[in-house]
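The structures considered in this document are given below.
Shared between the two complexes below is subunit A, which has subunit B as its partner in the first and subunit C in the second.
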Partner chain A sequence: MRLKPFFNRRGIIKEKISLNKFGLILFSFFTLTAVFALHLAPYDPWERFEPYASPNRYHLLGTNDIGNDILSELIHGSRVSLLVGLGTASIATLLGLIIGLVSGYFKGIVDELLMGITDIFLMIPRIPLIIILAAFLRPSFWIIMLVLGLIWWTTTARVVRSKTLQIREMSFVTSSRSLGFKNSYIIVSDIIPHLFQVLSTKFMLTTASAMISEASLSFLGLGDPSMKSWGMMINFAFQRGGFINEMWWWYAAPGICITMCVLSIVSLSFSFEREEQKVIAGM
Partner chain B sequence: MSCLHIKNLKVSFSTPLGLLKAVDGVSLDHVDGETLALVGETGCGKSVIARSVMGILPDNAVLEGEIYYEEQNLLKMSEGELAVIRGKEIGIVFQNPSLALNPVHSIGRQIAEPLIVHDRMKKKEALLRAVKLLEKMRFEEAEKHSRMFPFQFSGGMNQRVLIAASVVADPKLLIADEPTKGLDAALKARIVEELEIVKRFNGTSILLITHDFDLAEKLSDRIAIMYAGEILEISPLKDFFSQQMHPYSQALLKSLPDRGFVPIPGASPSMLNPPEGCKFHPRCPFMREICTRRRPSLVKIGGREVRCVIYT
Partner chain C sequence: MKTFRKKAVRYCLAVFIIASLNFIIPRAMPGDPVVNLLGEDFSVSQDAIEELKAELGLDKPLPVQYLNYWRDILRFDLGYSYHYYMNVLELIISKMKWTLLLVAPAIILGAVIGAFLGSLSGWYKNTFKNRLSTSLFLAVYSTPPYFLSLIFLYLFSFKLDLFPLKGFYATGGLMDIMHHLFLPALVLTLFIASRNYMIMRASVLQEKGRLYVEYARAKGLLGRAVLFRHIFKNASLPVITLVALDFGFILSGALFVEIIFSMNGMGTLIYDALMSRDYPVLQGAFLIITLMVITANSIADLLYSILDPRVRLK
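== the complex of A and B ==
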């Protein structure tokens, strides 16, 4: 959110286009890397070479403590990081959409109940909960994804609820009701299309924060050791002598990747948000 | 046979200032196939009647009385039962057409929607029917226009689209709530033409709600004058324009630009605490002492009904 004042300055249009492109290019770069990881990586990330090698002709980013090629690890790591981010965001957005819609459309006692539950979930401290869960459950990235998704729907639900409350009072919804359409039909045909802007923004922001959380958890050693995510790479670099030996390429590369990837997603979502505001202002 | 039968309908809204009586004991018989115009000044409760028939009043409304549609009491129906009647049996055209259409769907789709939902028609077939209906309503380039969106249309075009969407499932009764509000004369003529087509081809009964006597004169068979939540006079169209019975009707017609332009003295009464007795008495030129005490009832004289002590 710190980036917002920067975006809101005058001369928005020029900034918007360049930022949009920046986000789009970077994000598609990371997505393509993840999809074609098998073809792009020079080696299997588990293949062993000479350990602690500095960057050289054969290993552009050197090798780690057990001799894995760091560039290959980095390329394969994008898969894990993006998967956790997108998976978490899908679960959270879907849950938030359903709960917010039902709550906002039907109002009354249903609304009170669902929003009460949302408030309870909002109070749960996320990272500590995951640390506790990770300590008791087997560290697996599927579990991280599921748990993050199951507690991060709250803000989406609230935003969707308030938007639904607003839309359900608009004339075209009354008009649909008087044409004799059922509630389920009105929700799908009249309400959900108007939530798209809110949902896409929320989805991306959730993706970005889930990626950061996954990296932090992995860095703390609570991640899945069998999956080479970017956070896990930094964790290994710090634990196994990368930091002490000043092998900066070992930990800086995944750090930069996390930052750039999250930044690209956030800037994309901001440009979506601004598009929405432009539409509202235009009307 | 009457298709819509409203019996002693009372609608009030609970507001922070007190109970607002929007409709105060309205009874109406709408005969099959006729067009009944409900005329009155802004805020007299015309639209509230339309909305009570459709069951789409806001949550703070309190309803009393009965509304029968073909022997079924609409006020006792559940939302699910009403959904079957809405659109298929009774259609409504709202004022502010540009807001009543969904901005994210194409015109054709919105006209076809009732067919897809009520008659379970295939989407392609329904879209074809929508285009045919637009052609029947003399819409230029119907095919091309059906693929456009409401924001690309003017208010008048949207109003015609809305009429098309309301009649596509062939309802027996169409409620038109100020269909010409905010439209210029040329567009008004198109709306009149369109409603006439609906009347002629489908035999639809129309409840026309308006404050425009021109429109009422062109379309309706009978005319009902409303004032402060009450009906003051119901007359066949020809009789009404040759001689108005109620003093309010007379004053209202005289206030029109082409009939004298004489304003009615005083202001419309507050709906929160309306005057005692006859609600029109503070502004009435024929006011007698009894008018301030007793509220007159609707009296039948010939084929007409009127609520005034002059006729009792």
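== the complex of A and C ==
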């Protein structure tokens, strides 16, 4: 699918973006499922039927150890997983944007300081840190999102900084500056619009990696017990005999959902990058 | 050399900040700090708690506690696990050996396979074979490592009965350990290779447009010779940095693989510590893992400055 070439305010054609078809279809599928979860799910995910049922006419994916319908859990789980991903990515991208912009635009000592902090944050092993925090906090859904967001901004900040460093030397920025516009104005109207590509790519990759992290945390039993995410379902299946009893549909379904959803987001993010820039580093 | 000194300062700062974080977390979190520092797995009388409080120095003011904390770290004392009745550092070292046995071959193999296939795929971009391998690696890349382990365990151990179901060894011989290690190491290798593949591919695509490539071609070198004699060296530089930066991520991936395969390494240690809320072990493990990541990063920096003459000259 091709989007119209879009123009910035000066009428310069920026790049055409052709969205990855596979990613787009798959991602829309998951988003729609999440939005209409209430209408799509055959049962309430907390309603109890006969436990340990194999897939049958009434329960397409069977039921789990306490008799919840697995398909309904799966459909409702898409909400939790996507929400954690998007929420985390929003926080992280915003933080990364601010830090990267300030350090790239003002350079000098501010830059040294902010990039020093970024380097240090970049080295903290993220999953172990979250495990520690989550172990002490008994986290709710929102805390997980906040904590993930607060440690995932580093690579975004770096990319935004290097892009800002490039843009601020361009002639239209110089002319704005010589016309006497304030820094804040130049940043908002000249620089931020040019960061769109970088930011959208980073936003999507952060979403994807946050979803994997949430699934990993939930697998360790550190998720929010009141919200059944896909990771939580795998955790239950692994803990409560789904694996030993060869009920593969119980853990394979949420696992495949996570993989497909992440895959769709990653391939979608490719659409915003030129071929030689497709580095999914630091995810 | 100046940049390296600046980096060294940053590494030291990072160690300092992370260790301080480790000090703050149990004291700032909700709940009783005695429990936060000792874990929830044991119950003692009120008197004993007071005694332990004095022993841990929790009745002293915070700055004194902080100094004591550093004194303990410098003496390599990471506390005592009341769950295992063991010194935390000894416990971690005894488990870390096994984890490294799993991680080290996977990192090396993953880097080699990823870099090799990735550079081929960047060079011959649009052939069917390379599209296929790119999609495959992308799929692996998007799978949470523990889910991949679950599938492999189910298929190869459970259904086909080719590999043992759990652990590092049954009888203890070399072949036995290798047999146990194969499947988890394979999962981890695939996982690491997929990340390196993507980076290498992008890197080769970028280098491909450079002038020196044109020159090598004009000299009359054939396709692959250009790739492996000239491009490979330059393109593999980012991989080195990223392997180091990824080290923390790889280690956490290994933790999950271990949990699935019930291997008695760091992953299982952390998992058990989580289940029994054995906080000293969790904190010690976090500190050690961080130190390892920072060490890996500084080694990569050194390596980079040796391998890349452009950096060396500065």
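Everything that follows uses one rule, which is that the second predicted complex is superposed on the first by the 255 of 283 C-alpha atoms of A that agree within 3 Å, B and C clash if a C-alpha of one lies under 4 Å from a C-alpha of the other, contacts with A are read in each partner's own complex, and residues count from 1 in each chain.
Note that in this section a contact is a pair of C-beta atoms (placed from the backbone, for glycine too) under 8 Å apart; a residue touches a chain by one contact, two chains touch by 3 or more.
Here the structure is a predicted model, which is why all the values come from computation and not from measurement.
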| item | value |
| --- | --- |
| Combined model on subunit A: subunit C and subunit B, fit or clash | fit |
| Subunit B versus subunit C as contact partner of A:116, first or second or both or neither | second |
| Partner chain(s) touched by A:126 [first = subunit B, second = subunit C, both, neither] | second |
| If touched residues of subunit A are counted for subunit B and for subunit C, the larger one | C |
| Partner chain(s) touched by A:185 [first = subunit B, second = subunit C, both, neither] | first |
| First, second, both or neither for A:35, with subunit B first and subunit C second | neither |
| Partner chain in contact with A:137 - subunit B first, subunit C second, else both or neither | second |
| Which superposed partner A:215 touches (first subunit B, second subunit C, both, neither) | second |
| Subunit B and subunit C, minimum CA distance [Å, superposed model] | 15 |
| Common interface positions of subunit A, toward subunit B and toward subunit C | none |
| Subunit A to subunit C touching residues, read off their complex | 116, 119-120, 122-129, 131-133, 135-137, 208, 212, 215-216, 219-222, 231, 234, 238, 243, 246, 248, 251-252, 255, 258-260, 262-263, 266-267, 275-282 |
| Subunit B residues within the subunit A interface of the complex | 54, 56, 79-80, 82-88, 91-92, 94, 96, 99-105, 113-114, 117-118, 162, 165-166, 169 |
| List of subunit C residues in touch with subunit A within their complex | 10-11, 13-14, 17-18, 21, 25-26, 29-31, 36, 125, 138-139, 141-144, 146-147, 150-151, 154, 158, 195, 198-199, 201-203, 205-206, 208-209, 238, 242, 245, 248-249, 251-252, 255-256, 259-260, 270-271, 274-275, 277, 279, 282-283, 285-286, 289-290, 293-294, 297 |
| List of subunit A residues in touch with subunit B within their complex | 170-172, 174-183, 185, 189-190, 193-194 |
